[in-house]
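Take a look at the following structure, please.
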Amino acid sequence: MCSLAEEQGFETFRHAYRAAIKEVRTKIEILSEDFAVRHDYNPIHHMERRLKSPDSIEEKLERYGKEISIASAKENILDIAGIRVVCNFIDDVYAIADMLMEQNDIELVTKKDYIKNPKENGYRSLHLVLSVPVFLLNGCENVPVEVQIRTVAMDFWASLEHQLRYKKGKTLPKKVDCELKACAESSASLDVRMQRLFDEIYKSD
Amino acid sequence: MCSLAEEQGFETFRHAYRAAIKEVRTKIEILSEDFAVRHDYNPIHHMERRLKSPDSIEEKLERYGKEISIASAKENILDIAGIRVVCNFIDDVYAIADMLMEQNDIELVTKKDYIKNPKENGYRSLHLVLSVPVFLLNGCENVPVEVQIRTVAMDFWASLEHQLRYKKGKTLPKKVDCELKACAESSASLDVRMQRLFDEIYKSD
Amino acid sequence: MCSLAEEQGFETFRHAYRAAIKEVRTKIEILSEDFAVRHDYNPIHHMERRLKSPDSIEEKLERYGKEISIASAKENILDIAGIRVVCNFIDDVYAIADMLMEQNDIELVTKKDYIKNPKENGYRSLHLVLSVPVFLLNGCENVPVEVQIRTVAMDFWASLEHQLRYKKGKTLPKKVDCELKACAESSASLDVRMQRLFDEIYKSD
Amino acid sequence: MCSLAEEQGFETFRHAYRAAIKEVRTKIEILSEDFAVRHDYNPIHHMERRLKSPDSIEEKLERYGKEISIASAKENILDIAGIRVVCNFIDDVYAIADMLMEQNDIELVTKKDYIKNPKENGYRSLHLVLSVPVFLLNGCENVPVEVQIRTVAMDFWASLEHQLRYKKGKTLPKKVDCELKACAESSASLDVRMQRLFDEIYKSD
């Protein structure tokens, strides 16, 4: 077992992040249903949650050259808790992000827009780190949660890319790499065309 | 359809209460899991939620002699949103109540202790009305939620009593009424004995 | 309320279809997890279920020129119970279909392959009607369930198309119609390219 | 890790039991809902599932003096897969058991009635081992599942008893042991009185 998991208080440390995921998830569900009630349309396709494993936390601390301890993890790692919000259309991605950032008990820690500026390999997604209050037995704690927001098409591409890297290693054959990137472009342009068709629906309303 | 359900904004009105139930439920789940992580024991057996039907809201407004409207319902009815928390032991009931009331974004509206002072028919339960902040598309709203907290035994008795009244009408035959009350007493004393046995577990820790 | 819903035995009639959906869903979950255990890959993205409303059943019976009754619905309508299985890749669609059709307590009633032969408007999906045994209080009954199997991309297109028709009526403007069909083609060719990339993963294993 | 978990095919072995639990659970849900539709009353309070850990399987094989292998576990351990069905009343326990045993794709392997003949310590429950067909990638397999059926009161007592033994060891102080048994008796007689009250509801129907 890794040394982090053996430190005293490890389970309560982990629970705070699990709790933060629940809080953010509940906030998003409420927004999504309120949206559906008012506009007769649900912007969210599905959600996924992820809690970083002790091993991954340790590995990241080492990579950063930081001490391996719970205190150090709390300070240096912002994506221990993660939620992925998969939306139907590009506009939904930004609508969800804006609605979250407007809530006055949430603090925006970082924001990276890989939709406007895709990664080299073609990856697209909007990444926010939000700090949310969580009420535990010993009081209220502010806990960071990474929220990745993307369309169904971006999500499908990302999961294929992840499986390829996972099975084939960090550096893919050049040909595979190019085709993967080309698929990301086609997928993105299809997203734009679908968004335009969807806008047709509400145009003359 | 009742007139309340036809008033404009009825669906968004209802959604605010649904959202408040979600928020309180999430808060309780977080406390319960934090408790389990720290004390290796889960105080909560299960939870149920309930949203009062438009018909029941109207009926209650009429009984109170109040106007039938959304604004009037918001002002006069405190149990539109309801959560039932069923605990293992009596001490758990008060522990959960205390932990909720300590959270600084929650306001206690009313508290009725039908465990210390059972109802005439034998009914036992702790009733809180809590006001919680809910973030909706058009901002933050404070919404009341009735939280009924009771043991498994109290819950079982209450559901039997409810079925009997529902099938047989408000006034039960005297004999049935007496036996029902006697069962409530036996059930309550069994709860006390079980609690004492449970306390044995942690006595010498 | 429609006349069908008022016929005696309507609720037990409906329950048999709900039960059949559960049975097929359980069968598919078991296959999917067995697949994941053996091949370290989950072919299914998500599932949805649908029970045809009494109104839709009546409307369909009228359109077919059939009697409006429970007995007539049982005999003439094969898609009262529906499950949609959304797969990651095209090959998964056929793998799931084959695994279901091989089970000796399932009978294949009809099969329509709209992937090999897309509908005029661009719609792609594999439709099976399967008859499954369901154990109810009064014995075992064979109940038909329509299973629609498609990829994530086909599913996204179909739901956009559905929303457009629903909001804009049966006949869309010619321009919208053409663009929708063009999106279906692009989406389908992207599915093929993604499948080829995925095959790369397992090629040299 | 225990040797069983390292044997090849361990994950597919485990999956078959997980699948069997799903099948039995689905069958019980269908019966319970059919019951609710027909009689306007749901006999089941809740269900729990349990998959025996590799360590517990090994320990039991050792206790039985049997070989430690997957083949041996399949042959000798009948409670690898377990479902607990918690009913409202005693009559519901037997009703559920009868409905399951009547299904012609289920085979009854063993039946132990600890309600009619409680264990020495006061434990009450009806235990069935049922063999059910499960469709996996490589064909159909018959898998045993232990089904424990009991009332809410029996379940509450059993979980308290389990916690006491777990914390305090196999042999409890004589005083605790006696009080525990006395609670089981009180609880059982309360179950009988509650059942009689419930029967009142349907007496004159």
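As written, the chains take the letters A, B, C and D, and residue 1 is the first residue of each chain.
Note that in this section a residue touches a chain if its C-beta (ideal position, glycine included) is under 8 Å from a C-beta of that chain, and two chains touch if they have at least 3 such contacts.
Only a predicted model underlies this, so the values are computations on that prediction, with no experimental measurement involved.
Enquirer: Touching both chain C and chain D: give me those chains, sorted by label.
Expert: Under the touch definition, chain C and chain D have no mutual neighbours whatsoever.
Enquirer: Would you identify the chain whose Cα-based centre sits farthest away from the centre of chain C?
Expert: It is B whose centre lies farthest from that of chain C.
Enquirer: Taking the mean of the CA coordinates per chain, how far is chain A from chain D in Å?
Expert: It comes to 40 Å between the two C-alpha centres.
Enquirer: Return the distance between the CA-based centres of chain A and chain C, expressed in whole Å.
Expert: The answer is 30 Å.
Enquirer: Which chains touch which?
Expert: All chain pairs meeting the touch criterion are A-B, A-C, B-D, C-D.
Enquirer: Which of the residues in chain C come into contact with chain A in the complex?
Expert: It comes out as residues 41, 46, 88, 152-153, 156-157, 159-160, 163-164, 167-168, 176, 179-180, 182-183, 186-187, 190, 193-194, 196-198, 200-202.
Enquirer: If we count contacts the way the header does, which residues on chain C are in touch with chain D in the complex?
Expert: Listed in rising order, the residues of chain C that touch chain D are 11-12, 15, 18-19, 22-23, 26-27, 29-31, 33-35, 37-38, 99, 103-105, 133-137, 140.
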